[in-house]
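In what comes next, chain A is part of two complexes: it sits with chain B in the first one and with chain C in the second one.
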Partner chain A sequence: MTYLAKSPWIIHYDASSCNGCDIEILACLTPMYDVERFGIINTGNPKHADIFVVTGSINEANREVIQNIYNQMPDPKVVVAVGICACSGGVFRECYNVAGGIDKLIPVDVYVPGCAARPESIIDGIVTAWGILEEKLKNKVSSPMVSDHDHKAHHKHAQGGAQ
Partner chain B sequence: MINIVWAIVFILVAPVVGGLVAGIDRKITAHMQGRVGPSILQPFYDVGKLFEKEQTVVNETQIFYAICYVIFMIFTGALFFAGGDLLLVVFALTLAQIFLVLGAFAANSPYSYVGAERELLQIMAYEPMVILTAVGMFVATKSFNVSDIASSTTPVILLIPGIFLGFLYVLTIKLRKSPFDISTSHHAHQEIVKGVTTEFSGPSLGLIEITHWYETVFLLGFVYLFFGFNPLIGVVAVIIVYLLEILIDNTNARVKWQLVVKSSWLIAAIVGMVNLAALYYLSGGVP
Partner chain C sequence: MSKQITVPFGPQHPVLPEPLHLDLVLEDEKVVDVIPTIGYVHRGLEKLVEKREYTEYVFIAERICGICSFIHSQTYVQGIEQIMGLEIPERAQYLRTIWSEYSRLHSHLLWLGCFADSMGFESVFMNSWRLREHILDDLEATTGGRVIQGVCKVGGVRRDITPEKLDEMVKGLKGIEHELQDLTNVFLHDSSIQHRLKGIGVLSKEDAYYLGAVGPTARGSGLAIDIRETGYAAFGKINFKPVVEYDGDCYARCAVRAKEMFTSIDIIEQCAKKIPDGTVDMKVTGAPDGEYFSRAEQPRGEVIHYIKGNGKKNLVRHRVRTPTFTNIPPLVTLLKGCDLADVPVIVLTIDPCIGCAER
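Take a look at the complex of A and B:
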């Protein structure tokens, strides 16, 4: 067992979530669930984080932020999509401003469905992420640099865009 | 006078002790908040993990500054435990801290900049009191050498209780505890992303963690110096002081930097200076 699995630090980003899943993530940090007993820390800094926890779906405002956070995290890193909106877009997937789940933008390793996802299933998702982290460390997987270049070029082309 | 054995013991043992202290700190903090908390070996797991991670830096010089920070902190502690000159120890401590600030300034990042500026303010806030402590030790024991102060039979704490209180006040800043953790802090606390350590990641962040362990042991050694006349009382005092710091950390919210600088200078001026003046008066003038 590597040290990675004993000290997974997370960064949590709310991408157009209704806050339901975010409240459940914060509930994991409370004395009731206390994920710090597994060494999990909510860092708030992508450069210190190992696990990227995203809630909510992608829209025009947050796609750049998600990519920026993902690119800044040092390898090995894992993305956990929490809640059905992050997994597939959920009930908002047909909206004009929603592109869909997080996997439309960055590679997602663990899907935690639910509306809202329960703290137990979020913890389960993070525990699954440890295994993937270790695997990535063992195989020396280097994550791709994600970029939105095509998307932006498309918007420049179609005047006004879908803003 | 300089005892090289103690310096080597410090270099080898301090990271282990410092890491355990940090682990116990997290456990006690968790219990104070009604949580179970991580294993007391958690800080070692964290640092082990950081060395497994990729090294991503904005500017290569950041790594150089992080290494300088470790080296000068080890030098500070080793000189202290070897029984060297207390003034040189204080200056080396400042130099080590300045390397951390330079490392944070090396990355062109607004969060890192704010952290570095706040770290400078912290140095400004605690420095007068730390120097006054060294002066107080000299007035009490007639020596700047740590070996003489530690083996002195004078009950230093009874001669400079005011300076001891002032030192405890700035110790909260040095240990990065609330309410004075304005540049960066422990555990899951956040401060303007992560303050001075924002732009460090992977191994270089691990080095900074290890440096903090060295620093903790060195500072606890400093506390011991006040009780050098009786080792038993000294060790008990060190433990009580650290528990008190944990209690303060968990019962206080972070304050603004203005209050940190003002209050620590005020404390240094009042308790430190009054204590020194009283000592001069009682000993019948300048010794």
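Take a look at the complex of A and C:
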């Protein structure tokens, strides 16, 4: 990755995170880590975003929101799961309202470990995602629309966890 | 009367790092009603007490929220220690006080930054987060973690701070104090900020009391509620006065937080002077049998951990009532009658921490 055609804009959504990873993502934007020097900007609009940064795991209330944001993003798009909760559910994986990592719902390209993920590893994750984005652009990869066809199976799991 | 329209605010909104959903019912530009919806971050971690031992559960309690993480773990272990009748070493009490004030400093700086961002004041956002990194550096050097510290345990704390490091920390705080002063001057005296904040979102003292406001939201309306005055940890041996403002508007709530940072620096300084020598932890055997309401002052207000044990390794019940949860009814009152353009500013003045509120 020596030449970059465009500045990747990120959109951040807090799925059911404890805030720890979210404030570390914000810390990446501020003078100490300053990802804006790479042209990375945190946008609020899914239609302007290239990289979807998700923290926290999926639950009943937010699965629709995550799918909506993902489906509204234009191709090529890359998903980065930040923090162990987004990767697998983390310490909360046994909770009744946690259905596991983000990859159960949308395709994830980069996993950033840590609880909370450190700004350095988040930047590393975003830069890796950037490479994948370039690759997808070159190969004209189109991402699938995601929908909740396996929701029933999830619902069973959620009820099982609560008992 | 003009036609009413409903505008959704959140759960994914540029001004909120966290998902809070509000249905704003508008008549022209005025908000006439607000219907909050929560549940986007609910994990159900209170139920995990059945699967984790009470000593392990400290890590879960700490992860209720990544901003007030230290104070959550502190409140939880205080409750367990009270049930088990443990007298933890005094040095550990002082260290907990120091770290909880560091958490308050980092939380308030974070809030001042996000608040400036909600008004479109980007450079102040950057500056307060730059100062916050200084606080996080000290937290990381002494506890090992930036936002999740993992340093509290039943019976004390895991790490000690050497006297030299403590000196260095106080000197460092004194060193950034004039920069903090510059930063708070912007919030307290800049005319464009005052124009956005003064007289906006007024919460009367009566409303604040009856709607159960806590923390800076209550103190901005003239209610001097500060749980630190009950003297938990080492706060009983420290001289400090809660910061109280009387106007009840956005400016007053902002001023409370801005001034509280200097109180926190003062408390850390006093702790560094008074801290006794000795061990920082004790051996704990057995399991809690009984129940306790543990209270502490978070950056956002009073937090209550209700803990019930039956003499087994797993607790029977753990219940948390967080400050943001009780500050939502005042928020709904504040939003009624305001302009749509002021909604982000007013929402941020209660410092919503959804991770806490929904657990």
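Methods note: the second predicted complex is superposed on the first by the 143 of 163 C-alpha atoms of A that agree within 3 Å, B and C clash if a C-alpha of one lies under 4 Å from a C-alpha of the other, contacts with A are read in each partner's own complex, and residues count from 1 in each chain.
Going forward, contacts are C-beta pairs under 8 Å (C-beta built on N, C-alpha and C of every residue); 3 or more make two chains touch, one makes a residue touch a chain.
Remember, predicted model here, so these are calculated numbers, not experimental data.
Student: In the overlay, answer first, second, both or neither for which of chain B and chain C A:31 touches.
Tutor: A:31: touches chain B and chain C.
Student: Between chain B (first) and chain C (second), which does A:95 come into contact with in this model arrangement: first, second, both, or neither?
Tutor: second
Student: Identify which of chain B and chain C touches the larger number of residues of chain A.
Tutor: In the superposed model, C touches more residues of chain A.
Student: Contacts for A:13 in the overlay, against chain B (first) and chain C (second): which applies, first, second, both or neither?
Tutor: second
Student: Applying the document's definition of touch, where does A:116 land relative to chain B and chain C: first, second, both, or neither?
Tutor: second
Student: Scan A:147 for contacts with chain B and chain C and give back first, second, both or neither.
Tutor: neither
Student: Contact-wise, after the overlay, does A:74 reach chain B, chain C, both or neither (first, second, both, neither)?
Tutor: first
Student: Could you say whether A:59 touches chain B, chain C, both of them, or neither, answering first, second, both or neither?
Tutor: Second partner only.
Student: Which residues of chain A are in contact with chain B in one complex and with chain C in the other?
Tutor: Dual-contact residues (chain A): 31, 43-45.
Student: Where on chain A does chain B make contact in their complex?
Tutor: On the chain A side, the touching residues are 2-4, 6-7, 29, 31, 34, 36-39, 41-45, 47-48, 50, 72, 74-76, 137.
Student: Contact residues on chain A for chain C in the complex?
Tutor: For chain A paired with chain C, touching residues are 12-27, 30-32, 43-46, 56-57, 59-62, 65, 69, 91-92, 94-98, 115-116, 118, 162.
Student: Can you name the residues of chain C that touch chain A in the complex?
Tutor: On the chain C side, the touching residues are 11-14, 17-19, 39-45, 47-48, 51, 59-60, 63-67, 69, 110, 113-114, 125-127, 129-130, 132-133, 136, 145-148, 353-355.
Student: Mind listing the chain B positions that touch chain A in their complex?
Tutor: 26, 30, 33-39, 42, 45-46, 48-49, 51-56, 187-188, 190, 193-194, 197-202, 205
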